[in-house]
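Shared chain: chain A. Partners: chain B in the first complex, chain C in the second.
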Partner chain A sequence: MASFIDALTYSALLGLMGFGLTLIRRTTGVWNVAHGEVVTIGSYVALTATSFLAHSPYFYLPLAFLVCAGVSGIIFLAGVEPIRAKGASSILLLVVTIAISLIMIAVINIYADYLQNVFHLSSKNFLFARFDFTLLGQMGILWAAWAALAALTISYYLVLQHTRLGLALRALAEQPTLAVVMGANVKSLSLLSWCLAGGAAGLAGCLFPMRFQCHPGVGTSMIATMFAVSIFGGIEKMYGPLLAGLVLGFAQIYGIDLLSSWVGPGVIPFKDLIPMIVLLLTLQFLPEGLSGFVGRRRG
Partner chain B sequence: MNNLLKIENLNAGYGGIHVLFDVNLDCTRGEAVAIVGPNGSGKTTLLNSIFRLADIFSGSVILDGTEMQKEKSHKVTGRGVGYLRQEGNVFPGLTVEENLKMGAFNLPKGEVGERMEEVLSLVKPVVPFLRRTAGTLSGGEREMVALAVSLMCRPKLLLLDEPTSGLSPIASAQIAELIKNLKDKTRLSMLIIEQNLKILFDVVDKCYLLVSGRIIFSGGPGELQCDKELMRTYLGLA
Partner chain C sequence: MSGQWFLFSVDLLALFGIYLALNLSLRLQLGYTGIANFGLVLAFTGGAYVGGWLPIRLGMWLVEVDPSLADDMIWNNVIIASQVDLSLHGSPGTAMTILLITLLAAGAAGALLGLQSGYPAVRLGGDYLAISLLAFGEVLAIIGNNYDPVVGGPLGVRIPDVWAWAGDWRFMAASLANCALALGVWLYLDSIEKSPMGRMLRAIRDNPDAASSLGKNVARVRLNVMVTGGIICGLAGAMYTLYTTGVAPSALSRFDWTFLPWVMVVFGGSGSNVGVLIGTFTFILVQKLIISYKFALSFLPFDPVWLQFLLMGLVLILVLNFRPSGLVTEKASYALSRREMAKAAGKESL
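Right, the complex of A and B next:
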């Protein structure tokens, strides 16, 4: 039962992380490798705030959202947009985000060292489980993670389908030049996408230590899984990351538990290979991802 | 001055590639102007320059008395310019109605419905497709939708880049009829690039012949048709 709950929680957090990655890819066509570090920053916002200001990390979800939205916006404005404006290819932009990711890893490690050396905080390995509450016999993080993912997916869906801003974002995802010709400010819309994506990553990062161990490389170690979520979910619909997070989260945690009970515990260290296998199979047999497949079946 | 658009000594291109050289062009209110020339002569770049989608190296583009070369691309529509691009001129994943709404992105929200009714009365063949996704339409249907979308912003000047390109003769004739109707029923100024000269000469008041990025002829369509040398050498017609 514990691993089932873990899988459910992990699925929602993966969905939140994949949501941001998919949003950026959908609206600006950029694979943002630095997204993992934005998630880590969300965790460190929670650590810093709970350590110095007390309260539960849940209290700091809005702060994590805002800080990470700002960081993601800065990555876009200072790192990606100036190079994209010169006509850089998506491969080159991917390389740019790798460089930004490496810089951010260094900065996060320096900050973690600073917290540890100056304030004697356990900043290299931390868990917030002690702050959690219980609801209907389950840890609060399970409800909070799913509530955050559902709220984000539903509100984004409503904005996309029922507002002019949403129409412009969908148009931008399809034909950026045509969107410009029709008067949409592509730079502002792209910045908004990056900020929203960063905010979602911040929520995931803030919630992650409630159930799972956190360290300066936590986002970096999960970026490949986030890519798998984004590719497996597809970019057709924004519920793609939710579906993909559920499947991959279960496959990674619940699936490996089942597998280890059949073939022995030797398979457990290889659990991170499961998303990679799903990624490869998706690219070969379902390149449009789950949401594209569902859309095609309906259409 | 009755000039809606005045282009003076325009040098433009993309990045380091120089495409247009000292181009001069005028378009008065209500006038339909053709830009003709062989492939690769810079016709699309000229339209892109008006929209700042190409880099302007020197010269000026003056629209209704305002210099446009410092204007940001997304603000050009708000100045009253509609642009039907040759390719990628609709959003294939959006419905036709959503495409039309996107075309009116610069208008106040309250005016969109009224403008849509006006445009649909001008481009009636689009009405049955309103609920369909643009990507599911045929080439001719899509071109009509694109034309309707380009009209949504209440343009004073409409740029048309090969509106009948790749269409069947029947679809081409329908588009030509729509453009002719637009010219007759509205005071819209148009800058048209079109390979089908028969369609073009029926509609336009003035022609510019662009060869290797330079204007080598300007005058009425009748004058151009009379110049057998130009017609044969650059337009492939005797």
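Right, the complex of A and C next:
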């Protein structure tokens, strides 16, 4: 049962991380390698706030959302947009996000070193489990993570389907050139997408240490899994990361737990191979991802 | 030159040789064929694992070592490697045999990994290809860290020193061998520069549809290039392990063996061997200087090694903004020399 609950929690967090990656790719055509570091910044916002201002990390979810939305917006405006405006290819834009990722790895580690050396905080390995509450017999992180993911996915869906802004965002995702011709402000819409994606990553980062160990490289080490969530979920629909997060989260935690009870505990360390295998199979047999497949079946 | 500077220079040369070979392999894939291989670390790690696994077993087979030690090769690896080293001191022939067999196996492993990662990925376009290769690059790190029989798990293994016979010149011999590998790759790329194959690769890079319409099997050519690139990466990985006489999966990170080569190649320019050489030398020098003078910056409230990441990221952003083709740009490559073209045109000169 414990691993089932862990799998549910992990699934929601993966879904939140993949949500941002998918949103950025869908609206601006960029695979953001620095997205992992934005998640890490969310964790460090929570660490800093809880260490210096007390209160539970849940209290700082809005702060993490805002800070990471701001960071993501700055990445777009200062790093990606100037090069995109020159007509750079998708590969070149990917390299730009790698460069930003390197800068952010440095900044996060310098900050973690600073917290440790100057304030003697345990900033290289931390867990907030002691702050968690219990609701209906389950840890608060389970409810909080799913609530955040559901709120983001549903509100984004409603905005997309029922507002003029949503119409413009859809136009940007499906026909960027036509969207420009029809008067959509591509730069503002792209910035909005990046900020929203950063905010989602910030929520994931703030919630992650409530259940899982956190360190300066946590987002960096999970970026391949985030890509797997995004590609497996499919970039056509924004509920893709939710579906893919569920499948991958369960496979990585609950599935491997079941497998270890059959073949022995030796398989547990290899759970990180699952997203790679899923990615490989997706690219071969389901290139449109889960959401694309579901949409095709319905259509 | 003082001893400290001599060691600095020799180590610089060794790393330069390894990175130059790796970066030229990226030039072959990215610069010639347009394959954005963000999984360089995969074949490099494969070669490094072969370099960590095979020499100690070959050493046990070729020289006299207490056979009972073979019961646990991982636990006893330091003792076995030390015993093999003693024999290799006076036996350059045996050492070179181990080296050559290891390189052959590492090249084969690199080819296999290039094929394995390239086969599903090569039909994908642009950024999807890049992302899938980035993800595949993690696979061997996960296996190496968690499956001890490969290279001892996270702690790694020590391996016999195939350069032990060179005595005090051991580091110089190993460094020169690394540079010889880079030179070989350089000459190979140089040979295809003006060849029909080079032109075909550039045609596929610039317009795969047009190349395909002219009868070129784009997917197959890309796969061949990825296999060739894998061989080079595998050889570089094995040479690195043989130089350091040890391998640990944690030392084979995505940053060091994928992102750093990308920074070097983008900085120097993927369209020219000279550009790749300049990019490689610049960043290896900066990296070595930061590590060497790390203690002079101990007053900082953080580890100065992070400055290297900061610097690389900033340089990369600046290059991409102001000179996206790198310091040295690609020159037009002609099928015939100017004299031959003039002759074909029936003129004295062009």
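Couple of notes before you dig in:
Convention: the second predicted complex is superposed on the first by the 299 of 299 C-alpha atoms of A that agree within 3 Å, B and C clash if a C-alpha of one lies under 4 Å from a C-alpha of the other, contacts with A are read in each partner's own complex, and residues count from 1 in each chain.
In this text, a contact is a pair of C-beta atoms (placed from the backbone, for glycine too) under 8 Å apart; a residue touches a chain by one contact, two chains touch by 3 or more.
All figures in this text were calculated on a predicted structure; none of them were measured in a lab.
Taking chain A as the reference chain, the count of touched residues is higher for C when chain B and chain C are set side by side.
In the superposition on chain A, A:L160 makes contact with neither chain B nor chain C.
Of the two partner chains, chain C is the only one touched by A:P82; chain B is not. Legend: residue contacts after superposition of the two complexes on their common chain; A:A99 is shown touching chain C, with no touch to chain B.
Look at A:L286: by the touch rule set out above, it reaches neither chain B nor chain C.
After overlaying the two complexes on the shared chain, residue contacts for A:Q175 are found with chain B alone; chain C is out of touch.
Of the two partner chains placed by the overlay, only chain B lies in contact with A:V186; chain C stays clear of it. The residues of chain A lying in touch with chain B in their complex are 87, 164, 167-168, 170-171, 174-175, 177-186.
If you check the complex, the residues on chain C that touch chain A are 36, 38, 120-121, 124, 126-128, 130-132, 134-139, 142-143, 145-146, 255, 259, 262-263, 266, 301-303, 306-310, 312-314, 316-317, 320-321, 324. Chain B contributes residues 15, 51, 53, 72-78, 83, 85, 88-94, 98, 101-103, 105-106, 109, 149, 153 to its touches with chain A in the complex.
Within the complex formed with chain C, the residues of chain A that make contact are 31, 33, 79, 82-83, 86, 88-96, 98-107, 109-110, 113-114, 117-118, 223-224, 227-228, 231, 269-270, 272-273, 275-276, 279-280, 283-284.
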